[in-house]
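Each chain carries a letter (A, B and C) given by its place in the written order, and its residues are counted from 1.
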Amino acid sequence: MRNLWTDEDTVEFSIPGDRNVEVLGTLRDDPDLAFFMLADAAAVDYGVDAHFEVVYHLFSWKHPGWLRVRARVDRSEPRIRSITDMWEGAMFHEREMYDMMGIVFEGNRDLRRIYMSPDYRSFPLRKDFVLPDDAADSPAAGVNPLERPETWDLSHFREAVAVTFPPSDLRGDAPGEGVEGGDFADSESRPR
Amino acid sequence: MTRTDPEPRIPDPIELDAAEEARLRAAAGLVPARPESGGEYAGFDQVGIPDRPPQTDREREVYSLDEGEMLINMGPQHPSTHGVMRLVVKVRGEIIVDIDPVLGYLHRGIEKLCENATYTTVLTYVDPMDYLSTMHNEHAPAIAFEKLYGIKAPPRAEYIRALVVELNRVFSHGLMMGFLALDMGGLTPILYSFINRDEIVDMLSAISGQRMLFNFFRVGGVNWDTNDEFLSRLGTWRSRVLKNIEMNEDMITGNEIFRSRTIGMGTLTGDQAISLGVTGPNLRASGVPFDVRKAKPYSIYDELEFDVITHEGGDSYSRYLQRIAEIKQSIHLIDQIIDKMPHGPVQAQVPGIIRPRPGRAYGAVESPRGLYSVYAISDGGPTPYRFRMRDPSFISLQALPKLMPGRLVADTMAVMASLDPVMGGVDK
Amino acid sequence: MDFELLLGIGRFLLATTLLLLLTVPTAFIIIQIELKVIASMNLRLGPNRIGPSGMFQSTIHGFKVLAKEDTVPDQADRGTFTLAPWMVYMAAAMSMLVIPFAPGAVAADFNIGIVYFFAVLGLSVVGLLVAGWASYNKYSLLGGLRSAAQMVSYEIPLTLSIVGAVVLAGTLNFSELIAWQRDHGWLLIWQPIGLGIFYIASLAEINRTPFDMIEADSELVAGPFTEYSGMRFGFFFFAEYVALFIMSGILVSLFFGGWLAPWPLPAQLDGFAGTLYGIFWFFLKTYFFIFVAVWLRATLPRVRVDQLMGVAWKVLLPLALVNLFITAIAVVVFDL
């Protein structure tokens, strides 16, 4: 998916993820380039076997067309440096990218979920996200077991369904139990 | 579902007594409901504030209370407009110390939905994002998809697009005037704004069949041509609109109470605005002459004559004046468009399900709230591979925690109304 | 028992009962006026289903309020929670005693009528404070404190603004004041500044727009009335409109000649016809000012709380003092 066609009024190039601050800083500060405005920051998931990309669109008075900078992010360890020091308005962009894709922005002071509720444990815009009804045992699930009735252990029902309390050590091996592990300390929804 | 019990009963959490609740919370790794040692973190005592440890630095900063501070929830149900949003406001007496907007109450997962929808269906999904500027919501993806598909809309279609887009801008800005006054207690300007909007929306319903979520744009043009009903309503409206706007304006602009509540409030400098990502009339009211229609002309805007209007000052009053000036500018643009509109087809020949070439495209338009852009990636199939919308209200909302500290609680609504966010766009 | 005394007591009781009964339809009528007038200024219809052209809408509102569930917060102080609406309503009702409807048709024609009036009106502040405190709700408390601060601040310019009129007329009795206006011309000509200050301060005193911050979205709840529902809230609601009527009535009596007819017509007639004549003119003028207050509500946005207090202390109070000063000097110099 790297050498796709691009619309003619946008210049784009691709960088490795760890150089994003450097490249964007140069683009902004260099007086001939002067890309003073961050128009958009988006994240793209290229598939379960491929990588993520964080895509920045920039604007400058001196150049016709938009500039697209695509920063590759590794899918197994999705971390990239935050650009909130350069543009404060990137905060909500990054929070949304974290919420929807699970990309962790290092240096972002407020990396929490913005659209989904704070105890949500999946990343909806990933390509392997499935809603709980559809997927019994999806590897990406991180799904709240309370949404999957087959995991309800109704013989101990007083303990099973305290609404926000994940029943990690309270039940035996219900079917589907070992999927994302019963151990919520490893949940993906909190940044490390 | 594999239930074997005949009557599975899900108990109400209230039935858990304190000991069991404490045990469950401990087992889940949550902190105890009442702190053993008095902590400064407010999460345990306040209703509606998260009772879990702060996840981020900023959250700890916002939710920790010093002497004399208090957290107030301007909850998702507002008497004021803009939609469902929750603002957690930390106040000391009457003065705001910090604000934390909590979003997501209107999140519909439009980006994900669009990955499973054909390109034409995507244009209907994006309508209810920023529901007050529907035509702009459709215009940006239409531009992106046309780039991907490699066609251009016929000239008449482009002119019609520009016409409806400017009409949409007129009524959206008119509504902002009304909402700003309404949030301050003036009951009448909002109704005058709705008169204007009603006339425009009747007109647009004659051309597109809908009053609010127009579903008018297609990849390659627009769906229907203008008809007699539309043109006659357009003529009637055009003869009355300037007087309508001025009638509304008279009630608000010179009003001393309104002025004293907006002049000097929520001042955003140009640099601050650019850094925060604020675009649109908010940015232009701070002096930066960035208008997508001039900076990166799309559609037929390079054939129309207009200037970029800016105001110095960057306060709420400037933003209000900016929008009024833009209404007048849009009416001027509409006049030019009507003069110059060519004959011709209104939609290019495209198949029902289009399969554009694999590629990436970016389409940006100037919506009444700012820079509205779509980044679309196609993989050659009938549905987009990635469909990303950048909504201006979402980003402009970040200005609120920067503008409000030091002001009174009563100003929150006024400043927010002057930034004119629409929650449909904020929450996608 | 002295027959005169009994008669006096009976007359007093009758008058007060009639007055209390008068407050309810007055409130209904004023609410109806507000609904329809604001609707017409908003270029819309307003209520038009209940009764011919919606005339009975506010009456139905009154019955609805009776039918609602009566909720008292669990930790609220039940006694004072119940007491607060009574206090506000009684302050309004008691101040109605001195309103001069017509020559001889004053429920209680005190010699110190004006002083009594302003003293009693101040009791509503206590009612609001009690409401805020008894609700056991920090938003109510803040709202109550804020509205109490507003009302107390505006009482001072309110009372000072009419001292000029009192000095000119030389009496604190409403009927004699109106008699003075009959002989010397309406006080609005003599005391224009006093009139202006009184009008603004009276709007702030009864929490009407543009000074109705406590009912606004300031903290997104209804200020001290948050926890009140049903008839308890009905009391507050009616008290507000009764207070509007009272303030308009006092404004009319003090500055616009009370029951007197305007110039070309005979100012006052005698006997029973005179009473009716006076009542007619009084109500006409009062309802005109109620209409003006409603008009202001439809048109103006709200003043912010700190600007509101600023106006009271920094503008109205000095102006009132200046007015008093000028009036006093004029009285001495021109021997009025």
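We take it that contacts are C-beta pairs under 8 Å (C-beta built on N, C-alpha and C of every residue); 3 or more make two chains touch, one makes a residue touch a chain.
Note that the structure is predicted; figures quoted are calculated from it, not measured.
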Centre-to-centre on C-alpha atoms, which chain is most distant from subunit B? C
Most contact pairs found between chains A-B
Rounded to the nearest Å, the gap between Cα centres of subunit B and subunit C is 43
Taking the mean of the CA coordinates per chain, how far is subunit A from subunit C in Å? 60
Mean-CA-position distance for subunit B and subunit A (Å): 23
In the complex of these two chains, what residues of subunit B are touching subunit C? 70, 72, 74-75, 78-80, 94, 181, 183-188, 191-192, 195, 251, 255, 257-258, 260-261, 408-411, 413
Can you list the subunit A residues touching subunit B in their complex? 1, 4-10, 12, 36-40, 42, 44-45, 55, 57, 59, 61, 64-66, 68, 87-93, 96, 100, 109-118, 124-125, 129, 149-150, 152, 154-155, 157-159, 161-166, 168-170, 175, 184-185, 190-191
Per the touch rule above, subunit B residues touching subunit A in the complex are 1-3, 5, 8-11, 13, 15-16, 20-21, 24-25, 27-30, 50, 52, 55-59, 103-104, 107, 109, 111-112, 144, 147-148, 274-279, 290, 295-296, 357-362, 364, 371, 373, 375, 377, 379, 386, 388, 390, 394-395, 397-398, 402, 427-428
For a test of understanding, state which residues of subunit C touch subunit B in their complex under the given definition. 38, 41-44, 138-139, 209-210, 212-213, 216-220, 297-307
